[in-house]
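Here come two complexes built around subunit A, the first alongside subunit B, the second alongside subunit C.
Let's turn to the complex of A and B:
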């Protein structure tokens, strides 16, 4: 008998689609698109091991699978939970999920400086989008916010730790793209910080990627600093002659034409 | 006197040393298991005993061993969780310090059952002197042929290593412990996969508490059935309870799980009553992570039944009116203690110990601590109490590991049962700085709701 290709049916907010085994709930939701897609801050599809941390993508599994239709007792991180055949998921249609999401946004913002007007990430910031879509209008946090010194991590990158949401994406990126990671997370809990431990510059050829994977304005490009706003930039197909990578390069630059 | 299975020999002089331990019948469980039982028979015996994990969750040990994946050619590991850092819990420390060979003996038998040739004890780093004690015990066991290659001619090899932690409570969580053992940051893993399938170095792994592994010794010596005769229902055998707070006789007690909470607190064989003639106000019966109960709900369940020192009875009524056996850290508060302050102390601990991986726990624990601090120091608002409630409810269940829950539950239970005291702090800020709320009506008999 020919090997039959397995396909799983999953239903998210009453919409059923077929996906391959090994697909996560988040990926399945993204295939459906639109409102059912849970927001995701720490997951980055290209980075192995990412996800599961920020908890913005929580959903409810109302039925585990056809074989075992019991609901899951807790909300699950959709970015790190694989679909099963016959799984039923609630995202936008479940109030507990919406409440939990709102709470996560609030948690991410209580110590955030809200300095969007002077932040280079503004306009392409996942946290801005997230707060706009799922957050509250005002804060219930009445305490002084956590602050950190600003650091230059070498000639190209600046770290505003106050804006960091500890998604770990830059750490994964440096681990997986560069040949030697020189930064990581220091300390623990709410005093964790991205650091190079001994003041060190990040100067690997590919280190600029960490700026790109950073969903917020914690890692910004020093050469771009205060020079522009992302909404003024336009994509331009660029020519490249580099021996280290291949593929298309698209450059976002300001151009009046 | 209650029967003792773990601490029966604790008062024998030099029982810490191999020769004395051996003379008093030590290592017979290893002889019995390795000479006359197959690994599966050992596991069966443990299943029959009904032993439940003593590290906090109370999961049946035999069943846990049964779940272990056994792929060909892949090593399996047993890891002993000796990270004991829960405020109020200090039973494993006592056992390891005074009768270390009991743990080593339990480890050898358990390693045999699981098929672990390299077994680790992950110990809290602050227990520096106990590390020396354990290493000495391991060396003695090895010199006498209980560890190493082909133990007792059975063909079974086993080495035990002690690995010290570096001061993080979170490394008691089994997957953080495994990460730390591998030399990485102690971050809890996202599950699945569970350690039984992919644990230490991605191999099938069992993590068990010190007391759980020590209990294997009497189970093998006397048989699982004998062990199961002690206790009530699914709470079989004896349990170590570390009692502290405002009692006459703080310390580690081995109890049979068939006595009432009242007997445990007031009987001279155990805590000996409340110290200094004060009255009982509240109790955290299973370590800082479990819900606090007021005196009236502690001694009797909401149904009016006597509350017993068993897993089932302590959790009777769920979180509405019950608590948990947890890790056996029994913290007693008398009428002079402030529940708000106690809650603040716990909240500060969880804030400090959160690993910071997930946002609800990382940010929520600090927020709760600050609000509690305000309330305790006369700067709270009425709305703060509801806000606290809301924050804890948004942490609970939404995090990677149970530390988030453990941070939320004490706050929830304190507000649920002691709301009067919180409100009093808000309405009487000046008094709150000078004196405590006192006993209130927390010891008064409850009206029992009879269902129709």
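Let's turn to the complex of A and C:
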């Protein structure tokens, strides 16, 4: 039997796009781009297995497929739901989805401290952007928040567990980039926290990537702590024709001129 | 001109009457350094770095004032609060260096609006004179408000009515 390449037609917010089978709704929406794209916190396209934790990317599936056009009973996480042929998805056009997103942001911010003026991530923080775009103006939470002491994971990384939203991205990054993961999420539910179990330091050569992957200011660079603010840094093209890394390099650095 | 106008005297008297009548009118000027006019509520003068009621610096060097500043007059450098300095700085990060170039500043008040910590506000002081340009670059010591625990009078004076409106 001749292998015919299947193409699925999916409609997101009245925009139809053709994608390969196995694409998730989120990826299809990103293909379209613009306002249609659901926000995502825990999903990181380059990390295998990421997604499905934070529920920010909720969308409504108005019709499952051409074969079975019934709508899905609940909102689904678009980063974990694959498209079907003839699927109709509502993202920005559905009020329930927008309300749900607001609620998810409120949940994410329950334990997150409002220390953006102090936090080094401010300005490149996904949660900050998310709450600006989709959040409520104020919180309704009135109980004591979960707080932790600041923690140094080795000489380069600082863990500020209070800010963590448990997206698991750093865990996936350490799993997929280093040969032995030294940190992970301990405990369950409300008690879960990022830790190295018994005060180990993260010293793999590639472990610095967890700082970059962290969507909030939970993992920050110790060597760069309080040195700069994101919006003071300006891009400097630093491309080098080096045989080892030969790539486009853009340095973001602070300069007064 | 007729004979009556050629006499000039009536015109002179008329002019003198206007001049002398001003003697009895309310003066438009005030004796400046001794007397001062009250400023309107929206007046924006020199910047002041505020402290909280315990005398700790409010500024966390977040840089929002510097990024909001259209004249790029503000520069700062942050530092981390060490254990034992809790009575000096309100948050774990503080401004080690904070400079405002008053020659660049246009007193728009955007820094005050941008500040998330009520740390900077524009007072009622007008920029004083100076002999050198370097003297107009105000350092943190020049900008900080007097400590309310040590110098409550100077603190209240520097506060003015603008900051009170913010605090209450």
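Brief remarks follow.
Definition applied: the second predicted complex is superposed on the first by the 236 of 257 C-alpha atoms of A that agree within 3 Å, B and C clash if a C-alpha of one lies under 4 Å from a C-alpha of the other, contacts with A are read in each partner's own complex, and residues count from 1 in each chain.
The rule is simple: a residue touches a chain if its C-beta (ideal position, glycine included) is under 8 Å from a C-beta of that chain, and two chains touch if they have at least 3 such contacts.
Predicted, not measured: the structure shown is a model, and the values here were computed from it.
Of the two partner chains placed by the overlay, only subunit B lies in contact with A:103; subunit C stays clear of it.
Contacts of A:87 after superposition: neither subunit B nor subunit C is touched. Of the two partners subunit B and subunit C, it is B that touches the larger number of subunit A residues. When the shared chain is aligned, subunit C comes close enough to touch A:116, but subunit B does not.
Once chain A of one complex is fitted onto chain A of the other, the partner contacts of A:227 are limited to subunit C, with no touch recorded for subunit B. In the superposition on the C-alpha atoms of chain A, no part of subunit A is touched by subunit B in one complex and by subunit C in the other.
For subunit C in complex with subunit A, the residues that touch the partner chain are 60-64, 66-67, 75, 78-80, 91-93, 116-117. Residue ranges of subunit B in contact with subunit A, taken from their complex: 168, 170, 185, 190, 351-360, 362-367, 370, 387, 394, 397-400.
Looking at the complex, you find that subunit A touches subunit C at residues 115-118, 122, 225-227, 229, 231-232, 256. Note for the complex: subunit A touches subunit B at residues 51-56, 58, 74-75, 77, 80, 99-100, 103-104, 106-108, 110-111, 140-141, 143, 165-166, 168, 185, 187-192.
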